[in-house]
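These notes open a run of structures that come right after.
You will see chain A twice below: alongside chain B first, and alongside chain C after that.
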Partner chain A sequence: MEGKKKSKRGTLILTIFLAIIFLLPFYIVLTNSFKTQKGIFLNVTGLPFGKFFTLENYVNAFKELDFVHSFFNSLLITIVSTVLIVIFSSMAAWMLVRTKSKLSSFLYFLFAAAMLIPFQSVMLPLINLMGRIGFLNRGGLIFMYVGFGASLSIMLYHGFIKSIPVELEEAATIDGCNKFQIFWYIIFPMLKPITVTVSILNAMWIWNDFLLPQLVINRPESHTIPLKMFYFFGQHSKQWHLALAGLVIGMIPIIIFYILAQKHIIKGVTKGSIK
Partner chain B sequence: MKNSKGWFWIFVGPVLLAFVIVVIVPMITGIYYSFTDWNGIGNDANWVGLKNYTKIFTEDKDFLNAFLFTAKFALVSLITINVIGFGLALLMTKDFKLTNFFRSIFFMPNMIGGLILGFVWQFIFTKGFDSLGKLLNWSFLRGWLADPTTGFWGLVILMSWQMSGYMMVIYIAAIENIPESSLEAAKIDGANAWQRLRYIIMPLVAPAFTVGLFLTLSNSFKLYDQNLSLTAGGPHNSTQMLAMNIYNTAFKFNKLGLAQAKAVIFLITVAVITLTQIYYSKRREVEM
Partner chain C sequence: MSNVVLKGVEKVYPNGFKAVHGIDLEIEDGEFMVLVGPSGCAKSTTLRMVAGLEDISGGTISIDDKVVNDIPPKDRGIAMVFQNYALYPHMTVYENMGFSLKMKKTPKNIIDGKVRGAAKILDIEDLLDRKPKELSGGQRQRVAVGRAIVRDPKVFLFDEPLSNLDAKLRVHMRVQLSQLHQRLKSTMIYVTHDQVEAMTMGDRICVMNLGKIMQVDTPLNIYQYPANKFVAGFIGSPPMNFMEGEIIATNNNIKIKIKIKEVELKLPLDKAKNLKDHIGKKVWFGIRAEDIIIGNSDGENTMKGKVKVIEFMGSEAFVYSQMEDEEFISKVDFLEAKDLKNGSECFFSINMDKCHIFDYDSEKNISLGLKIKGEFDV
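Showing the complex of A and B:
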């Protein structure tokens, strides 16, 4: 018994040690973001006290990042894309599961196989095509997210819907419901657990995505947070006091979201990867 | 029921349209462009046959370097991420208080985008390591990211820190699925902790290893954001990975045809490697 207790304490100490290592980068960035430029130059490891303490970094970074704007751009793009992905992927997946035909299985195979295609291998022709039809910036970006998000989302919905008995729908058909009514009143509410997973996976990806917005958004007023961060950082690469405050500001929304929804997020990630 | 064809297209059509325009059409036209001298200015692209491909294999040293750097990085980070992730999962499935709290901490880096994380670590490697090196008088902590070696390990450390929490979550789910009874039985039969890990936990977790290896491998090969924000490929393109090489060929040098040929090679590489890995892991799952 004594030995077991000891090993338990050992496990706990090891875990705490590892947790500190994992948090250390955040700690270093946070503490230094409150220092003046000279304060960082003189001492990175210390706490921001005395004459080296400042809040001005935050005021300036907030302004330069045009944070209110870029935050709402990110939010708008993430929410609209995720909602559209959820609606259209669940509809398609249901139809693909319930239709037994060669076309249906071929389309499912096509969506699944496309998971292997890296974004970089299609980005040049894609941007060229979208540029030619004049469908860039926020609208075009959202459209492209629906296309890229389709594969994983349809696979997740497909797997889930297969386990729902078809009898329910048959009863509704006899009662005179059309496909739309059956899907939205009977099926979609039952998909809630997998909808949470699909939403979280897509929202995390879209919120943090950098390369696609960089290629697609050419108006500064439509910049998302990662995009603004990139240009902001380019301008202040030697001014760490500003850059660090900007990084903290950029991380705050997603960390708040994580604290609020972490249970769903971790569950969603688990389900999304088992597939 | 008469109109079932119509319903099929109403439900499948919208997402299929986006998917075809965004993925399938660029994929096919991309293969065509890889055989042309497309330069992005105007729309004319002249057929040049295999010229882009021969150029890549015979003249383009940077691409070869990027390829080797990426492969080396993928292999090393594959090991570190999965070993750390599996280790954390073993720790987090021992029952003690606060495991949920610790799990959240280990997973947290995944929430933040690669671009921001790369900048965070750029500060830590260049400023943090430097002042720690001064403090402790350890010379190896100084000058990080200024040469290819520290640039390589910097990237490995960053990605291990970011992704091992993700792998942990996957492995925890697999470990928790192991029936308590089989571990108890092994214990009664006198199997020690190592034997239980090797002969019971590992084989039963094997399917999760397939997933974990797939995710880390494909992720490493496609890495761009962290590469850009941590080292931007420098010094002298020595830490440039495949995705960045393609991007630069296209947008810095305006050789879109050449870049697209690289993109096709990239696509084939990623597909072959991940499919091979899945095939072998699946076979091992059965053997284990």
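Showing the complex of A and C:
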């Protein structure tokens, strides 16, 4: 009994320690976003009080980021890419599961193997190619996101769809559904938990991504929030107070999305792995 | 008329494996036909070919006198109940039952009428708003049947629909399905590996093995006049006892006996007549457990055995005994069995009028003499 109590206490202490490590960056970002630049340099870890406390960072960051436009760009690219990833990956995974052939096994292996290739090793030839076919714009970026997002999403869907009995599809065939109707009316609604997981994983990655948009989007009016953030880090000076306020503004939408869908992501991960 | 006719139906898989070997079967309008056989005998494959879920490699399938080989499942006029129910988990019972009509773009008021009508027949009216996960096994089964009824099909197809239910519920649902058949008077094809289901539900039974039809007949005829050793062994619980024997003629007269080990059993005249051509040949001797009676003395058609195990089943008991290295089971009255002891020796009297003799090689029943109904092939 005594040993059990001790180990419980040990686990609790470890959990608190890890939580502090994980939450520390959030604390620093949040507290320093309310400080003047001088206040940040004088005391990074302290709370924003007195003459160093300011709300102006948010007003200025909002203006400098051209937030309405960059927010719209981020939202457009994230939503369209995620929706396309969900539709194409779920359909592809369904066909890969239900088609028992060497080709389908090879294709599945190809998708799985693609996850092992680091983005940095393909980015230069990719951008070169995309530039030649006129794809260095928002449309091209979405196209590339669908490609990069497909591997993991197909893997997740594949694992889940394998647990769906094929009799459901046969029942739907007898009920008068064609292939597309079987997918749309029967399979896709059943994929809801894993679709939420796939959506969250992809939306978070796409929303926060910096490198690919940086390489693809040249026109400033098409810039996303992470790209605009880069303006705060000049060659000679770094406007930490604005950058941190900008970070908070940029984080809020995806955090809200995560909180709303959090219940489903846990359910989705469990279902995908256990079922 | 909603008859179903299978002519020379074959199923060959891409790897060359022949699952169904050119079967012929006629199912009459309104008949409850049970396809029964052990796992892997192609009974489900045959049903799925009727449904259109499996391609046919050869032969023709006709429903309502119309060849349906190339007609998609939805246009064949069939409804199928699957082993695992195959209810759509994201839809309510009402939506599940009305889904096929919705796909046909049937007006909502007609869907409503049909769904509620079927729900009333199956007594599931209060479950219409529930999702399948909120239902018990028996309720799910009824919903699956309801979904089939709503389609108003020419032929109902059941693929082992009761095998996921517990024993008590299975008996209950068996009765319900039989009542449903009497009420709807539709043609029904029912696949099962459970011989009790086959015997109790079917108007006729089609016994299958290794992709071939072994015998098609009424349950009673199949039990009393099995066409071959496989049918004799598969239908009946406990299974029929088989022993290797030899037909012998004694004293140059017409009496024919069967010799098993050192025991000689005298065949009745009608059976002896049919076995004249088999004198001196090896055969399989088959006798059902209830046709072996425990006797007291060494009389005619009696063999001595050692009791190994006694299983009391309530009003009756199964006695597992051994004669040399031949084992056999007898089904006796509880009162007769209660005085027996494991290891004790006793005499077993064989009711030779009920015995069956099977050819040793072809395993066909050679003792019947009468023409066995249906087709069979060993």
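Following the convention adopted for this analysis, the second predicted complex is superposed on the first by the 186 of 275 C-alpha atoms of A that agree within 3 Å, B and C clash if a C-alpha of one lies under 4 Å from a C-alpha of the other, contacts with A are read in each partner's own complex, and residues count from 1 in each chain.
Operating definition for what follows: a contact is a pair of C-beta atoms (placed from the backbone, for glycine too) under 8 Å apart; a residue touches a chain by one contact, two chains touch by 3 or more.
Being a predicted model, the structure only gives us computed values, none of them experimental.
Colleague: Tell me which partner touches more residues of chain A in the superposed arrangement, chain B or chain C.
Modeller: Counting contacted residues of chain A, the larger count belongs to B.
Colleague: Let me test your reading of the model: by the given contact rule, A:Leu168 touches which partner, first (chain B), second (chain C), both or neither?
Modeller: second
Colleague: Who does A:Met190 touch here: chain B (first), chain C (second), both, or neither?
Modeller: In the superposition, A:Met190 touches chain C alone.
Colleague: So, A:Gly176: does it touch chain B (first), chain C (second), both, or neither?
Modeller: In the superposition, A:Gly176 touches chain C alone.
Colleague: In the overlaid three-chain picture, which partner chain does A:Asn32 touch, first (chain B) or second (chain C), both, or neither?
Modeller: First partner only.
Colleague: Would you check which partner chain A:His69 touches, where first means chain B only, second means chain C only, and both and neither mean what they say?
Modeller: A:His69 sits against neither chain B nor chain C.
Colleague: Which residues form the common part of the chain A surface touched by chain B and by chain C?
Modeller: Residues 173, which sit in both footprints.
Colleague: Which residues of chain A touch chain C in their complex?
Modeller: 165, 167-168, 170-177, 181, 185-186, 189-190, 192
Colleague: Which chain C residues qualify as touching chain A in the complex?
Modeller: Residues 51-53, 72-74, 78-80, 82-84, 86, 88-90, 99-100, 103-104, 147, 151.
Colleague: What does chain A use to touch chain B in their complex?
Modeller: 8, 11-12, 14-15, 18-19, 22-23, 25-26, 28-29, 32, 40, 43-45, 88-89, 91-92, 94-96, 99, 104, 107, 110-111, 114, 116-126, 128-129, 132, 143-144, 146-148, 150-151, 154, 173, 179, 183, 204, 207-211, 226, 229-230, 233, 240, 243-244, 247, 250-251, 254-255, 257-258, 262, 265-266, 269-270, 273-274
Colleague: Which part of chain B faces chain A closely enough to touch in the complex?
Modeller: 1, 4, 7-8, 10-12, 14-16, 18-27, 29-30, 33, 40, 43, 88, 91-92, 94, 96, 102-116, 119-121, 123-124, 127-128, 130-132, 135, 161, 165-166, 169-170, 172-173, 208, 211, 215, 218, 221-222, 224-225, 229, 242-243, 246-247, 250, 256, 259-260, 263-264, 266-267, 270-271, 274-275
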